[in-house]
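Each structure below is given as C-alpha cells.
Below, chain A partners chain B and then partners chain C, in two separate complexes.
So, the complex of A and B:
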C-alpha cells in the first residue's frame, strides 16, 4: 500500500497522485504550444479572404458573448466543485460538476449552431485560408471541450461508484485542470480571433 | 503545498476570481467596440487584459502553486514563452518581418 500523507488534500495524498498531477501540468504545457501553432496559422492567414466572407460580415458579438459567458461560468462552477471536494462534500462536488457539464454542453451547442450558420452563409473550411485556419483553431478547441464532457461523465460515474477516495479525488482534480485550461485557451480565441476583428 | 483544512466557509476567492474575469471580459469589449483609440493601442489593451485573465485562472481556479508548485510554474512559464515565440514569431515573420526584403 502506498504511503498516504493525511495532512494534504485527498488528491495529493499519494506519491502516485502527486506525480500524475505534475504530469498533467506538463501535458497542459504541450497543449499551450499546440494551440500556439494554430494561433500562428490563424494570425498569418487571417486577411486572406479569397473573395469569401470577412470577419466583419460573419462574427456576431451576441453569439460570441454567449459562448464566452457559458465557458467562463463553467470554469467558475468547476472551481466550486473542487472547493466542495476539498470539504469532503461528494454531493456538492457532483452537483457543481453536472452544472459545469451542462454549461459546457451549452457552449458546444451554440458553437455548432454558429458553424452551421457560417456554412449557410457560404463560409466553409474550403472557402479561404482565413476560414481554414479559423475552423481548424476553433474546431480543435471545440473538440477538446466535447472530449472533456465525455471524460467528465466517466469521472462522475466513478465518483458515484467509489465515492471520494485519494484516487477519484486525483482524477477529478485533473479533469478540473483540463476544464480550466480550455477556458484559458478560449480567452485568447475570444480576444484575438473574434474581438480584435469586429467593427467599431 | 496545499493545506487540508482551508478554513473559509464560503468560496470567496472563486467568486472574486469570477467577478474580476467578467469585468476583464467586458472591459476588453468596451475598449474594442466603444472607444476611438488607434487599432494598435486597442490590441495592446485587449491583449494585456487576456493575459491578466489567463493568469487569474491559473492562480485562482487551477491552484498552480500547489503540489509541485515550483516545477509546475516554471513549466507553464516556459510553455507560454514557447507559445509567444511560435505565434508571435510566425506572425511577425509573415507580416512585418518580410516587408523589408
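So, the complex of A and C:
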C-alpha cells in the first residue's frame, strides 16, 4: 500500500492523490483555454445573423434564469457535499452529491428544451454564423455538464462500494473541482451570451 | 451521406497502387514474422500494454523514424516533380496532396513523437524519478498519437489525402471547394493525436514540478528538463486552441455550420487566427526541447558547465511568452492593417533577442572547453551556423512591409526548413547518438554516424540554400511546376540533387541502427560520455525501476558533482526498500483502436455507426474509473540481484 499521511485532508493523503489533484488543476487550465477559444469564436461571429433570428428575437429570459439558478445552486450543494466529506460523513456526502446531480440534470433538461424550442423557431446550427457559434459554445458546456453527471454517478457507486478512503475522497474532490469550473463557465455564458444581448 | 463507396479505395494511379500493394505486403510480412518467431505474447506483455516511460519513449521514437521515412518520401516526390520544368510525374492535385501530408506528418507525426519520445526516456531519469506522474495516461498519450498518425496515413490509399496545405486555410479547406473526405482525415486524425499530446503536456508538467529527486530545486534542474517543462506548459495552453479549431472545422465540414464559410456570415480569417494561435506556439513546442538537448550535448562534450544557465532559463521563459503573441506574422498580407502588422512585427523581431542569447551561451560553453568531436557533438556544432541562417532570414520575414515580397515564395519555405531541420532534426539526431547507449546498452557506430552527419548536412544545405534564391526571384511555394522561360531550372535541379544526398544521409542512419544493433559492443560503460546528469547514474539499458535508491542532488550537473566528490556512487544495500511499480494495462491500446474506428467512421460521415462505436470510448473510461489496481512491488532480492549485475559486484 502507498504511504498515507494522516495529517493532511483525506483527499491529499497519498502521493498519487496529490499528483492527481495538481494534474487536474492543470487540466482545468487547459479547459479555460478551450472555452476561451470558443468565446473568442462566438465574440467574432456574434453579429453575423445572415438574415436569421437575432438574440433579442430568440432568447427567453425565463428559461435562462431557471438554468442559471439550477446550476448555481448545484455548485453550492456540491460545496456542502465536500464539507461533509471532510467530516468523514459518507451519508451527508452522498445525499448532497445526489442533490447536486439532480440539479445538474434539471439544468440539462431545461437547456435541451430551450434548444428544441430554438430549432422549432427555425434557428439551427446551420442558419447563421451567430447560431453556429452559439450552439457549439453552449453545446460544449452542456456536454461537459452531462459527462460530469455520468462521471459523478460512477463515483457515487464507488463511494457506496469502498466507503470514504483516500482514493475515493480524491476522486470526489476532483469531480467537485470540475463541477465548480463548469459553474464559472456558465457565469460567463450567462453574462456575455445572454444578458449582454437581451436588449437587442 | 454524400460519400460513394467506389470513392473509398483510391484506384487508377500507379504510384498509389504500388503503395497499396506495398502496405499490404508489409503488414502480411509483419504478421507472418511475429507469428513465426512466436513473439505475440512478448509484444503484448513488453510493449503494447507497457506503462514504462522508457519503453513508451522508444515506441514514440520508432513512430517518428517511420514517419520521417513517409514524410521524406513525400519530400523526394516533390523534389523530383520540380527538378525540371513542366514535369508530369505528379499532377497538380496529387502534388497538393503530397505537400499537405509532408507538412502535417513532419511536424505532428515526426518532430513531435521524436521529441516527446526522447523526453519520455530521459526526463524521469534526469530528475531522479521512477516514472512519470501518470504512467497509464502516458501510455494513452502514445496510443492516441499512434491512432491519429495511422488514421492520417491511410488517407492516401483509402478515401484520398487532404490537399489544402498543412495549414488548411478556409474557404479552400471547406466542403464547398474540397468535397472529398481528405480534409475530414485532417480534422479528425489531428484531433485524436492532439488529445494525446495535451495529456502528455499535463503529465510532464506534474512530473517535473512534483517528482524531482531530493535536493533538485528548480534552479538545479538540467537544461533539457527546463526546456521540457516550458514546452509542456506551452502544450497545455496551445493545444486546446487546436482542439477547438479542428472541432469547428469538423462541424463546418460534417454538419454544415458557418464558422469559416463564405456564406451564412462565417469568417475564413477566424480559422487563420485560431490555427496560428496554436501553430506558432507549436513551433516553439518543437524547438525548445531541441535547445535543451543541444545544451546537454554541448556541455558534456566541451567538458564544461553550461555557460549562462540563468540567462538560458530567462530566455526560454521569454520565448514561451513571446510565442503566444506573434501569430499574425503568418498572414501579414491578409490586410490586418499597418498598426496590427507593426505590433506583430515588433513582437516577432523580439524573439531574436532571447534566441541570440542562447546561441552565445552555447558558443561560450565551448570556449576554452576540451571539445570532443563525437557524432552527437557534430550535429550540435552544425546546428549553430545553419540555425542562425534560419533565424536571420526569419527576422527578414518579420518585417511586415518586406514580407509582402517574400510571402508565399520558396524564400519562406527555405527559411522554415532552415529553422526546423537544424533546430529539431539535428537535435533529434544528436539526441539519438547521445542517449542511444542509455536506451539500448550499446552505442550507435561513430564512423557510420559521421557519414550520416556529413551526407545529411551537405544534402540539407544543397537542397534548401537554392530555395532562398529561387524565392527571391519569385518562385512561389506549393506550385507543382514552372515554365522553362522562368529561368528557375538550374537552381531547382540543384535542390533536387541535394535532396538525394539528404536521403542518402537518412539511409545511412537506418543502416547504422541495423549495423549497431547487430555488431556493436555490448560491454560499454553505463557512462560512456563521462556525462553530467542523473540519467547516467544508473544501468544501461535502464532497469524497470530506474533507481534502486533515488539519488540526492547537491548541485547543478548532479552526477558530475557526485563523480568529482565521490559521493553517492556506491549502493548501500541495507538502505534498499521494496519498490512500488504500476501494473501494465491493455486499456490505452483499446482506446487507440476504438478512437481509430470512431475516427474512421466519422471521416466517412457514417454518423450512426460512429455514435454506436463511440460508446466504446465511454466503456473504456468506465473501466478505468473502476480500476483499483494498486500495482505491485519489486522484491528486495530481485533489486539486489539486478543492481549487483550492472554494478559488476559479486
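In this text, the second predicted complex is superposed on the first by the 199 of 200 C-alpha atoms of A that agree within 3 Å, B and C clash if a C-alpha of one lies under 4 Å from a C-alpha of the other, contacts with A are read in each partner's own complex, and residues count from 1 in each chain.
Following the convention adopted for this analysis, contacts are C-beta pairs under 8 Å (C-beta built on N, C-alpha and C of every residue); 3 or more make two chains touch, one makes a residue touch a chain.
On a predicted model such as this, the values are computed, not experimentally measured, just so you know.
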item	value
Chain B versus chain C as contact partner of A:44, first or second or both or neither	both
First (chain B), second (chain C), both or neither touched by A:60	neither
Touching partner for A:18 - first (chain B), second (chain C), both, neither	both
Dominant contact partner of chain A by residue count, chain C or chain B	B
Which of chain B and chain C A:117 touches, first, second, both or neither	neither
Which superposed partner A:30 touches (first chain B, second chain C, both, neither)	both
Chain B versus chain C as contact partner of A:72, first or second or both or neither	first
Doubly contacted chain A residues - partners chain C and chain B	18, 22, 26, 29-30, 33, 37, 40-41, 44
Residue ranges of chain A in contact with chain C within the complex	1-2, 18-20, 22-23, 26-27, 29-31, 33-34, 37-38, 40-41, 44-45, 48-50, 125-130, 132-133, 135-136, 150-151, 154-155, 158, 162, 167, 171
Chain B to chain A touching residues, read off their complex	1-4, 6, 11, 14, 17-18, 21-22, 25, 28-29, 32-34, 42-43, 46-47, 49-50, 53-54, 57-58, 60-64, 66-68, 71-72, 75-76, 78-80, 82-84, 86-87, 89-91, 94-95
Chain A-touching residues of chain C, taken from the complex the two chains share	133-134, 198, 201-203, 205-206, 209-211, 236-241, 243-245, 247-248, 251, 255-259, 261, 263-267, 270, 274, 277, 580, 618, 622, 625-626, 628, 630
Chain A - residues contacting chain B, complex	6-9, 12, 18, 21-22, 25-26, 28-30, 32-33, 35-37, 39-41, 43-44, 61, 65, 68-69, 72-73, 75-76, 78-80, 82-83, 86, 176-177, 180-181, 183-184, 187-188, 190-192, 195-196, 198-200
